[in-house]
Each structure stands twice: as C-alpha cells, then as structure tokens.
Amino acid sequence: MTDKFQDECGVFGIFGHPEAANLTYLGLYAMQHRGQESCGIVSSDGQSLNCYKKMGLVADVFKSPNVFKRLPGKSAIGHVRYSTAGGNDPKNIQPIMVDYHRGSIAVAHNGNLVNAQEVRNRLELEGSIFSTIADTEVIIHLLAKAEAESLADRVVEALQQIKGAYSLAFLTETRMVAVRDPNGFRPLALGKLDGAYVVASETCAFDLIEAEFIREVEPGELIVVDKNGLKSFKPFEPRKPSPCIFEFIYFARPDSTIFGKEVYEVRTEFGRVLAREYPVEADLVIPIPDSGVPAAIGYAEESGIPFQLGLIRNHYVGRTFIEPAQSIRHFGVKLKLNPVRNLIEGKRVVVVDDSIVRGTTARKIIKMIRNAGAKEVHVRISSPPTSFPCYYGIDTPTRKELISSSHSVEEINRYITADSLGYLSRKGLLEAVGAGEGEGGHFCDACFSGQYPVKFPRLKADSQLGLF
Amino acid sequence: MTDKFQDECGVFGIFGHPEAANLTYLGLYAMQHRGQESCGIVSSDGQSLNCYKKMGLVADVFKSPNVFKRLPGKSAIGHVRYSTAGGNDPKNIQPIMVDYHRGSIAVAHNGNLVNAQEVRNRLELEGSIFSTIADTEVIIHLLAKAEAESLADRVVEALQQIKGAYSLAFLTETRMVAVRDPNGFRPLALGKLDGAYVVASETCAFDLIEAEFIREVEPGELIVVDKNGLKSFKPFEPRKPSPCIFEFIYFARPDSTIFGKEVYEVRTEFGRVLAREYPVEADLVIPIPDSGVPAAIGYAEESGIPFQLGLIRNHYVGRTFIEPAQSIRHFGVKLKLNPVRNLIEGKRVVVVDDSIVRGTTARKIIKMIRNAGAKEVHVRISSPPTSFPCYYGIDTPTRKELISSSHSVEEINRYITADSLGYLSRKGLLEAVGAGEGEGGHFCDACFSGQYPVKFPRLKADSQLGLF
Amino acid sequence: MTDKFQDECGVFGIFGHPEAANLTYLGLYAMQHRGQESCGIVSSDGQSLNCYKKMGLVADVFKSPNVFKRLPGKSAIGHVRYSTAGGNDPKNIQPIMVDYHRGSIAVAHNGNLVNAQEVRNRLELEGSIFSTIADTEVIIHLLAKAEAESLADRVVEALQQIKGAYSLAFLTETRMVAVRDPNGFRPLALGKLDGAYVVASETCAFDLIEAEFIREVEPGELIVVDKNGLKSFKPFEPRKPSPCIFEFIYFARPDSTIFGKEVYEVRTEFGRVLAREYPVEADLVIPIPDSGVPAAIGYAEESGIPFQLGLIRNHYVGRTFIEPAQSIRHFGVKLKLNPVRNLIEGKRVVVVDDSIVRGTTARKIIKMIRNAGAKEVHVRISSPPTSFPCYYGIDTPTRKELISSSHSVEEINRYITADSLGYLSRKGLLEAVGAGEGEGGHFCDACFSGQYPVKFPRLKADSQLGLF
Amino acid sequence: MTDKFQDECGVFGIFGHPEAANLTYLGLYAMQHRGQESCGIVSSDGQSLNCYKKMGLVADVFKSPNVFKRLPGKSAIGHVRYSTAGGNDPKNIQPIMVDYHRGSIAVAHNGNLVNAQEVRNRLELEGSIFSTIADTEVIIHLLAKAEAESLADRVVEALQQIKGAYSLAFLTETRMVAVRDPNGFRPLALGKLDGAYVVASETCAFDLIEAEFIREVEPGELIVVDKNGLKSFKPFEPRKPSPCIFEFIYFARPDSTIFGKEVYEVRTEFGRVLAREYPVEADLVIPIPDSGVPAAIGYAEESGIPFQLGLIRNHYVGRTFIEPAQSIRHFGVKLKLNPVRNLIEGKRVVVVDDSIVRGTTARKIIKMIRNAGAKEVHVRISSPPTSFPCYYGIDTPTRKELISSSHSVEEINRYITADSLGYLSRKGLLEAVGAGEGEGGHFCDACFSGQYPVKFPRLKADSQLGLF
C-alpha cells in the first residue's frame, strides 16, 4: 500500500502549566492503551525545547524522577506509539523534534497520511534528507520550508500538501498548535486545567489529571495557544466528517468520550442491538474479559439472560511470559483465561466479544468452555466482520491474518466450532452509534465497507490490496 | 504475637513427569496471586535435588530458558510467597532445601505455625543453627532429627511437635510428600496429569496444566508418592476441620474450587445474601473491579437492579508506577479507576466490594462517583467487618490499619461519606458457604469472630493482641 | 567558540567481507579508547543499509549475538564516540544514516568542523531541518543537495563547503568512501583483509582483526571502494599537512602506528628527551600507570636511573565505583593507585606522567609517595604545558580547569608540592617526533602554541577564547 | 579429593568504627583480586546482625547507597569469593550468618579444610542439616554445639575438630574474632584505624582505608576484639608454620605486605634470580602485562637487558566481551594484548610471565611476537612448574589442564615454540623469598614439591590424585 507501516498512537499537549511534563506523563499513562511500544515528551521552557523518548511503557520510560528535571518548562507535548513491523526502530519514536531556521519545533502525530511517500519523493529530489520512516517527518520538512509569516499559516501551508488522517500537537519555544484533519478521522479533545489549555486524544487523560473537558477539536480546526490565549482557525476546505467508528468498537478506552459519545455507552448499545439481531435461547451471557464486557452487559440486559463472569482472567499475564521452550504443550489462551466450571456446567452459554481476528483464539476458548461442561456455546461479536485494511491509523490485521476476509460467517462458525455465530450488522453498528446510513453515516467504516473517504494515490497501480 | 511475621503462599508439587520443572513453573504462574514477592522450584532427577529461587514474579524469575536446564528431573515442588515486613530477606525464599544424614530434602510451606518460636528455642539449646526466620526451617530441623525408619514416619514424628496451619509439599531424591494440618486451615488439592500425581494450593493450577482434579488432600492427611504410586496416611489425632473462610472472600482465585466449593459461586452468593440483608432502592449496581465483580453480579441478580461496569480499571497499573515527585497533586486511586460518567450521572448507585481496610480508598472512590454525578451512593461489602488478626497464614491488616477494629459501621459510613453502608453479616457469610453456625460452622472465621481454633502458647503473656 | 561541543571519536569501515559487521565490532572494540560514550555500526547488504547504535561501551552495546543478525551484508562502517556536555544525547550517536533522493547513506566522522554553524545557518534558511547538534549532520545535508553525478564528486562538492578536521567513512548500498581533510588533522589508516579494504582511525584495529596495514589515507585524499576495487582521488587544493601532535602524547593507543610513526616509540623518545632537558639525581623512576609508562621507560633508559612500577593500579577500577555517600573520607586517587612502600622508602623518586590537568591528582599522588617514605619527589611531564583549546577534535580541558593556563611551572610545582617539576619543551616535543620546527613542524601543536592551522570564522567576535 | 571444590577468598573485619560497613566495602574493593564471583558484608549494631551479600563484583553489589542503610552499626566483617565449578550457588556466598542459642554469629573464611567432609558426616548423623556445600558451615555447626562458656573458648573448641587452612573473621552482636590456622597457610593482617581494630587478608586493604598496619595475625593465633579492647590467645598446639608461597607468585596484590615481605619486592627478586639461573643474550626484556611486570623488571635489572612494554594491554577487556558467534576466527589473546611492532622487529626478545598453565596462551603470544618481527623469543617463568594441586585454598588448575604436570620443560618449550624456556627453580624460589630449604623452608610449596604440610584423610583411598 501507500505506506510501509501503520502507527497506532495517542497524543497529548499542555500549555502554560508549571507541571507541564508531569501532567503530560500522566496523560500518556492514561492513554497507554493507544500505544505500548514507545513514548516521549518534549517540553518548552520558553527558550528552548527538551526531549526525552524511549522504547517502553510510559511508567517504565519515565520511572526515574531525574527524567523530569531534563524536561523543564510550562509547556509540553507527548506521544505514545505502537507500530507494525518495520517501524519499531528507536529513531521513529515521537515526538519528533528538530531545529530549523525559525528555531526548534516538535510534533506528535496520531493518524496516517496517504500521500506521504509522494511528498517525500518530491522533497528528496529537492535535497531533503530523511532520518525516519514516519509520515510525521514529511510534515516537519514541509513546515520548515513553508514561507508564511505566522506559525499558524506555516502549519496550514504544510498541511495543505498532505492528505489522510492526522490529529497533531506541535510545540515551539512559545506556542502550542493542535490540528485535526478535515475528515476528523482521529479524536482530539480540548480541555482546561488551572487556566492552562490541554489537548489529548482521549478524555480519559483529562479525567486522570482532573482537567475539565471543554469540547472536541473539530474536524479541520487548527488551534494555536500562546501567552495571549487560544485562537481557533478553520483554514481547510470543509469536508464531510468521517471519524473512525473502530475507536468505538475496540480502540478507545470505555471511560472516554469521543466524537460526542461515551464509549462504554456505545459498546453496551452494540450489545443491545446484537441481542435484537441475533437472539438465542440461553442460560448465561459471558464476556471475553475485558474486551467483551460492555457488549455482554448490553446483550444480557436486552435479552434478559443473566450476565456472569464465566471466564476469569489471570491478572499477572504480561508480555514477559516465556512459554518453556522444551514444553510439549501449547498453553496459549489458557495462560490468560480460565472458565468457572460449576457456572458453565450443563448451561447454554452466549459468549460475547468485540471482534474475531484469526479465529484460533475463539476456537480455543469455545473448546475450553465446552470442556467446562457447556451444553451449547453461542458466539456474538459486537462488530461486523472486518474485511478491509485501515489506511488512517489503526493497525487492522492484514487480510491474510483476517479470517473474515476470506471466509463466510458460516465457515467461521464451523471453524470456531460454535453452535451459532452472530456478527453485529453494519446497519446495527451505525444505528447504535446514532449515525445516518449511506457512506457510513458520518463515520468512516471503511474497514467493514471498503468505502474509503480519502483516496490514496497509488492504489490502482498496486492492484488494489495485493501489496497489503 | 507468637510469630514475627506472616507469610502468604502457594505450593505446588508433581512427581513422575518428564516436564516436572516446567509444569511447576506454570502451576506457580497460575497461583501468582497467592504470593508475588518471591518464588522457587526444587527438582529431583532421582539422584540429587536442584534449586532455583529468587525475589520476583514467577514470569520474571523463570524468564530464561536456561533456568530450566538447571532443574532437571521428573519431580519438582515449587512455592510462591509474600511476606510482611521483616520476612522479605532472600534467604527466606522457599522451597528450603538442605542436606542431612539421609540425603537431601526440600520443603514448600503454606500456613503459619503457632509454636514455631518455642520449638526453635528448644532446638537452638540442643545446638541447632538457624539460617532463616521462617517457621519452615523448624520443620526441617525436626525432620532431620527424627529417628523413625520411613520418610513418612519421620515427617509425622516432626509434625507431631508443631501446631498451627500447614499445607506442605516435601521432595526428596525419590519421593514427594504432601500434608495438610489436622484443622485443614489452608487448601491443598490432589490431581493427576499423564499418570503423574500433582498437588497444588488451588485447582486453577491444575486447569492451566490440564491436570485432572481428583480430590482435596484431607485435613490431617499425609500422602507419599514414589515410584510405586501414592499412599495415604491419617497419622494425626482427628480434629474438627476449620478451613479458612477468608480464602473464599478474598484470597483464592475465583475460578478455583476449594473446600468443596467453587469460589466464584460462593462470591456471587455473598452478593445475593447481601442484597437480602441490605436491600436499597437504586438504579445501578457497580463493582469495584476486579475484587467486587462476582458479589456485585449476585447483588444485581437478587435485587433486580441492573449491573454495570461503572468504574473502568487502567490495564497498565502495576507496581512500577512512580508518582512524579514534584507533583502538587495526589493521584491515588485515579491512576487505577475512572468512572463512566454518563452511566452514573443522576443515578442512585450501589457500589460493591469484598472488604474495606483503612476506608481511605473507599472514601476517594465515593467522591469520584459523586463527582461523576451520582445522586446517591450505597456501599455494600461482601464480608463482615474484619476485627481480629489471622495467625494461620493470611496477612490480615493490623488492628491499627483496620478501620473496622476501632469504628462502628455507622462511623465508617460517615467517614467514607456513603449514603448507606452494609456489611455481610457473619450469619449471612456462613449461610452463603453452606456452613452450620456455632464455632464458625466447619470454618475458621477467627478474623471476624475472634474464635481461634488452635491456641497459641504465649497469647496470655502478650496481653491479648497488644503486640500485634 | 564556533562549536557547542567537542567530540572525540574513532571510525572504522570495511567493504566486501562476509563478516563485515563482526569485524567492524572488533575494530571498534580495539579503538574503544577513542570514545567510550556511545557506538554504532551501519551495514549494507547491497540493497539497503541497517543501523544499530546505542549509548555504552562496544562490548555492552553489541553484547547480544542477535544484534548482528540485524546487521547483514558485506560492508559496514562503525563509530565510537565521546562528547563533552551537551552532546551526549542519544540522537547524536554515530554513524548517522539517512535517506535521500539517491537512496540511503551513512557517515562516521572523527574531527571537528570550524564553520559548521555558518553552514548550518545557511542550510536552515534554505528550509533544512536538523535533528542533531553534530557537525556531521551538516555534511550529510550538503551531500544530499550536491548535484554532481558520481558519489565521489558529490562528496567533494559537499566537503568543499566545510573547513576543519575530518576523517570520514561513508557507506551507501554499494560503495564505501573514506576521506581525510587536507590538513590531515586526524589519523586514518588503510588496510586489507582477505581481499576486502578496511579503514580505521588507528592501526591497532587492524592488528586485532589481522588485517594488513597498507598505508595511511593521505591528507586531502578521497578513496572510493566498490565492487570494482579502490580508487583514490586528490580533489582538494593541497595544504601543508598538520596532523595532531596530541595523538602521540595521549590519545592514540601505544601499539598503533599513526602519521608514519609508532606511538610507543615516540612516547619513550619523549621520556629520553625529557631526561636530557630535566635531569635529576635520583634512585628510582616510576610512572603513573598506565599513561606514564613509556615515557618513564625512556627517562630511565636515558638517565640510567632504575625503572620500577612503584605505583600499583587496582585492576577493578571502573566507572561503576560509587564512593559511599556517608563517608567522611575522600578516597580519590587511592582507589586507583597504591604505592609499593619498601621500594620507595628513603628513595629519591622521579615520577613521570604524560600531562597535568588540574594538578589536584598530581598533588595527591605526590603526598601518597611521600607518605610511603620517599625522600624526594621529582615530577617529569612528557608534554609541554597545555594552554590553548583544541578546535579540531580533541576534548582538551577548558582553560578554567587547566592549571597551566593560569599558573607558571614554578607555581604549579609549589601547588603539587614536588621537589622539582619539568615539562617537556615544545622544542623537545617536536624533536622527539622528528618534525622540523617553525609552525609546528608538520604537526598541529596549537594546544601548546596557540598557532591554529585552520582559522575559525567567529574567533575575533568571540574575543579570543572568552567563550570557551 | 577430599573436597568437592576450592574457594579463593579474601576476608575483612573491623570493630568499633562508626563507618564499619563502608570501610568493609572499601577493604573488599581493594581485595577484589582475591575473589570476583560474589561478596558480602555482615554488620553489627550491638543488638543484632545484618547481612547483604550477592553474586557480583564489590562495586556492583554495593552500588546503591541504600544498601549501607541496611548495614548499620560499628562493626562488620566482609568476604570476597571465587569458587570452582559446583560452588557458585548463591547460597554459598559468605559471610555465613546464623542464629543459635547464644544469639547470632557470622563468619568469613579464607582457606580450605581437609577434614570437612568427615566432620560433616558426623554432624549429619547427629541430626544437623546443611544448607551449603561450604566448609565454613561445618565450623558454624561445631561452634553452635560447643559447650565452653566464653566465645573464645567455643571457637577454640570448634576449631580443634578441624584441620587445614583457615584465616577466619567471626562477628557476633558484641565481638569480633580473628583466627589463623596453626600452619598459617593464608595471610591475615591486623591494623588500626581511628582506634578501631581491623583485620584483612592483605595490607592493600589497609592502605586504601588509611589504616595503620600493626602486624600479622600469627599462625595459630586467635584474637578477640570487644568493647574492652583486643585480647590475643595461642590455644593450639604449635606447628611449623607453612605460609603459602603461591601468594607471592601470583595471588596477592604486588603492593601488599604478606608473611613479612613486600610482594612486589619478592617478585622482582624472582626475576633477578631467574636472570642468574637462565641468562640469555637478548636485546629486550618484555613482560606479559600485568602479571609478568615485576619479574621482568628484576630480570632486566640483573641481566642489563633493556626493559620495554612490548605488549600493550587493551584497557577495556572485561568479562562482558562476547566473541561474535558467527565468526570464523578465534581472537583469543589478541583481544587482550597487542605487540608494539617497531620495538620488537629484528630483536631478540625475553618474555617474562609468572606461570604457564595450558601453554596455549603462551604459544599464541609467542606467535604474535614472532609475527611482529622478533628474531628470537626466549620465555622466562618466575616460578617452578606447577605439578601438584593445592588443598589449602588456591584454585590451582587441575592436573589435566596443567601442561607441566604431564610434559617436560623441553616438551613445553617445543609446544609453545620458544627459542628457549626457563622456569625459576624451586631452590631459586626459596632463595628469593629468603627461606631456608628442606621441606619448603618455612613455606608451603606443595604445588611444586608435592610435600603437603597437613595430611588429608582419604588421600590414599583416592589413589593419590586420580580423582582431582
């Protein structure tokens, strides 16, 4: 496809608070689910920028209090990031910070550009050098070459040359800029804390630092914050907004409010609609913890079937687990989940989760539930089958990995050995988020529909999705 | 009190399996909740014992595959441990392994002896030296001095000199021994895997390794496993069993079966009884995740009030979080939990948890829920107020820390600022576990009742609980 | 001064050897003394470049064999680096590797440019962004903008815009380029191993990998190595060479050959000349280990006074030593050195070292030697007093630190409490290296003479050395 | 042989100094060469003992200042240790600290007992358990069982049951005891610092902490230090002293004074005698750094042949070096040493070292020197061929590894490809240390002579040295 890899990210920014770096740290900590591979903070003390960034979780990277001494000043932006294979080189960690003829500038980016390679080729021909494979470096180059007088105008001059999904936070010595692309693919919220303006990908970051959530940065809006306060611009040609519906299904934290709705609420509604679309006679509704919990609660509520936590999660599961090399067994999902036997024995069980990727895990879980004595196992998925890749900043599994891209629901059901399988319909999905229909309502649901709101230059040449 | 510190522990043992050390590792991993401070494995290859033990979580201590090369053989025992202040010296890590005149022996111990100090004093006067402050070393010394011919008889000879709570796994070059004290304070389950006998504190360890759960080791039972198979002995004078009721309330994993009951089932029943004992008009039942979930489900079921996951847990909370030193704020429970605003706004909420310790966390959570817009907050606790220390192997908070030891329910309610507060009654507790009443039914509930099934020698001299 | 900080570095390159990355690792290991702060390797497999670089010693950074799997290919360049305060940011680690319109290129640089800031300012005005504060990034930008057809010509086009000291190794997918500036400030040697060409800052790197030392890359020479072999160019206007005399005094390894001479030989000759310039009646010549050993041997040889290892070095001294915080004592040099008492007792001792910086260490050593019973202590230094900073790639101490910049030899002698003090004269120094005199012979001795062979643009404005 | 493994160790003790643990740390740091595998400190605050010990170098184990907070009090003992295969289990780290009926006691041991296994067997039959395989645990058991009234008498009662080499430091809550076995195999020095008594294996430990060296603890002497001062006892039957001559050859630091002589002095004398015993026409004497330096200086002095540092050591060689797995080369000694070419070219060179083990390293070095152009290479070794194992605390290579145990000097010479090879004679060795002859003078030289001053019980049964 147009880009070599995909990032999933969270961004944060704060301007004019004596604890800028600390609060950025906490904001990133609250958004750790948006990227667990690397993280970084750039702060400004009014004279110069300082940066600290590293591979690792927020709580590990910023473990030492000394780190914060290296991040002085009243303004800061931060970033958490996960990238697909090829992008996990330390040099790609954000924020990216550079010097140029107007001073220093740093940027944190959530999203994915669709014409990054084209612009990059052009810039290289003009003599530019690139240190990373991140889209974001393209933005910085364009910004350094922009000729407009004000920072806001230069940012606009740069962004008018790019297409795709971007929620961005910039920091200079004296200003913070926040922008959301005209489609508004990725969320970006605006808040206030002790008089300082704050931006964050998700409102859960505001909750932790006790900032007040004011409103979302609007699609196509550019905000500049400096010592004189906040100014809002709408410099781009308006487009029909298409925020990412997948944020509701899987990516955002359930306690965040995005695109005007509370995520938890939407997820339980997915469950309610699912119960109407795929009812079943059963004794028990159990979620796959923790991803399936809200939808399972909604399903139970609507169907009247009792909700139970029939699968218990091992609290100590983490990335450090090494399966013994010599073992003749494969422990897989058992390390993470264990059924509550008596609860399940002899029962007809509805199992709810938010998605099925390869189907192998679902197959194992169903086997596990049957071994615990379930009479019937009905699987309900609170999203439609994912059949198309995302080019706007979600690392959706590739088509090869995705069972639903090559198999019918009936085939999937046979593979995972459920008694029945129901996916939330696209219609039900849009209904649950309260969107009109046609073209994904006001949402991007390209991963389900294949209808991409922003075209990508070389798609034809690449013979559709063959390269993905 | 009689002992300097308290251990919480889990033990595991397997005899006659080619992957003994690996399976012990997995068994310990499944029981990590019983002790997160240190862990260890001793294996036998038929000729000699090998030991690897260290401070740290199971997945960290046994991270390197090379470790398993140092643990050859077909039999192994393992241990996870948490200890109160004073006991966290590396030398106290279990299993303890020593050489004596019959060869080598290792032991893993869950529980707490009440006459350890007395016996130790006697042994020291006879010229014994002690390297640890663990009760367990006393057992090993008694065993080395025992004169009986068979290993089983020597173990009995040793254990007849001690009193208190013990579930033990011993390993020699050629035998595994498992014992549960006559009161059966701590659980110990017997299973089978590929023809090999397995013992574990909780059945969740069997589930992970796919061992079959046969039965519990009975109170006062001693089991010897060698190449000829398993032999069971009942060498002790029978006592009325008094298994620890606190395992059901808090300590055991919800997917384990202990003392003949499934823990999850018992916990939801706590919720149901609680709903009958302390009903309230409300719109929502929400648990404190994850401890309050089963009881909240039971409470919702019985009361008909909808269950919702109104508090979202941050998945990345771990011990590594360092609150920024310079911060003017205290983030406390906010780092761990965040309310789902729309869900709670304008609602009367029942909040369910398994216990209240100091009350400070409950107070903060209630404030958080009120800030999210709750109209009323009713707190329901699925256990009676804990007022007495445990001397049998649970690290109950000391009286000083425990708000219920010095305050009435009404006072606690006022402190945590709830609209109402209800604790499960002792009667309701026993009813829920299906026990007869009087003397704790067939359970030890000394932490609630102060009725201790095994007396401790110096209690009078210490003027009751003053030293605790 | 013109630059914000100074690097000390070593570079290595190899083209066309199946073990390119491994051999680069070993070459860097042999040149660890040239930079202990960070190191890195870039390899080429003919199609693309791969990079691994990190803070730390060579043996630590490349500890894991897996690292080498990430560095495939038959060509590689490497770099070790030490930088003064301000430069020790991970992003400044070399080699620097970037993408530009002709593909990828990496560069490793030893030296220091005097017009880097000027060129950088100009490039920024043209829209370039800078990620590091290294001079080297300037070179890369110039190279990317160069318009000549061949790589060699583009390198020349870039280098013609810069002034100062540089020994450089470039690597592209298919070529290696090595250059030494027209003054030849820093060494760069050319060798051959199994038919592959090798370059290294010092010949000790060749010795370790058993490469044959062919000759030095000449001042102003540019060498291109590709599949067709090696081509040499002399594209710059010839200048009088001025290799750095300080490499002989202190920086290079004694077993290296640089600038046509063996370092050890030159250092013993320093001692011999010193003995002629500052003879003294004494019983013993002892070196400060290990820096003073060759000169002490030369001094002993010339003077006929016996050489003894009167100060013993602790082999385990490393950077990890933490002096106990609570200690009332200051252990300082005692941790590193200890006198051999009987040897020294009652003797007249000549102590030889290569330089004196602050004088505090010398003062302590002399006290230590007197405490061991020496009757007289005569100090001999195998270089002239260092009074001027280096702008060409040696981190000479700043004037403030340097006792000789503000004190006469007599005053220094009084401070260090020696019975006599003799510094090698500039004349003796040049004689020992076999140079003609006037203008430093064919050497740069600016740190002693203040005569800088390459002027720096803003020196006047900075009122001489005031900013240093 | 009688024991499973051999320890090399250093011990330190201090009584009555406010910085006891810190000074012990420094003392161990100075004696790091006596044991690099593990180290530990036990301190006493007058009421109880505290211990911190770990695998690793002193500077690493005691890196954190917090460690010293865990070692309060005015008295402390410490230990550094290296052990042969089998003994490197963390539980064997010293000091060993236990509780017994009189309180707590810790011990640090340098040496090796010859009847440890016998005594251990007896103790096990009496019901004792053993946690380590260290001889030292036997001593502690005997001490705990001793019935005498005073600590000194109990120590004597214990030590009268053991045979072999021991320099010991004991610490109780209120006393420090230091003992040297009647043969005085291992060194032990007594010093004073700010009124506090100090003991250490080597005087270099005193030099670092600036303690005054008073005298050696004498063979068979037992010293008790408490608040009333120091008392000396001579409780053992006198034996002819036999201090270990190998301490002079290799083990002790050159700046220490042991057995009444300065080590450096003795080593240069070895070189002088060697020059008389094996003179040769040559141009240069060069040492293998650093082990051969003093003897080379002595050889040069006596022979009149100039001394040069013809082999340069890489300062960064450490244990962390990993030779690249894929490498087709073996780098071996080249990583550590490199010849100075011009110095050696065309010369007749005498190479001096303290010993030859397998001969493989010597062979490589000689090849390296010849490749550097040497015309002749004459090897001189400053000790006799080592042919017998040590049972008293030095980890001499086993007979299998030792080239001199199975080959004549002539054969060795042929293998290492020298032009001539000369070993210091036993006569010359004893002459150099100023000993009378017959029976090793007043030294144990069993490793050269096979004459063991203390017999070991099972030697005959083991058919001489076959099992070693």
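Note that the chains are named A, B, C and D in the order they appear, and that numbering of residues resets to 1 at the start of each chain.
Methods note: a residue touches a chain if its C-beta (ideal position, glycine included) is under 8 Å from a C-beta of that chain, and two chains touch if they have at least 3 such contacts.
Just so it is clear, the model here is predicted, and its values are computed rather than measured.
In this structure subunit A contacts its sequence twin subunit B using mostly the same residue numbers, the overlap exceeding half.
Of all chains, the one whose Cα centroid sits at the greatest distance from that of subunit D is A. For this pair, subunit A with subunit C, the centres built from the Cα atoms lie 48 Å apart. One simple way to say how far apart two chains are is to compare their mean CA positions; for subunit A and subunit B this gives 38 Å.
Centre-to-centre separation of subunit A and subunit D, using mean CA positions: 62 Å.
Residues of subunit D found to touch two or more other chains are absent.
Contact between chains, as defined at the top, is found for A-B, A-C, B-D, C-D. Put simply, subunit B touches subunit D in their complex at residues 90, 96-101, 121, 124-125, 127-131, 140-141, 144-145.
On the subunit C side of its complex with subunit D, the touching residues are 19, 22, 25-26, 29-30, 32-33, 36, 57-60, 62-65, 68, 204, 207-210, 253-255, 257, 262, 264-265, 268, 290, 293-294, 297, 301, 306-309, 312-316, 318, 320-322, 324-329, 331, 334-335, 338-343.
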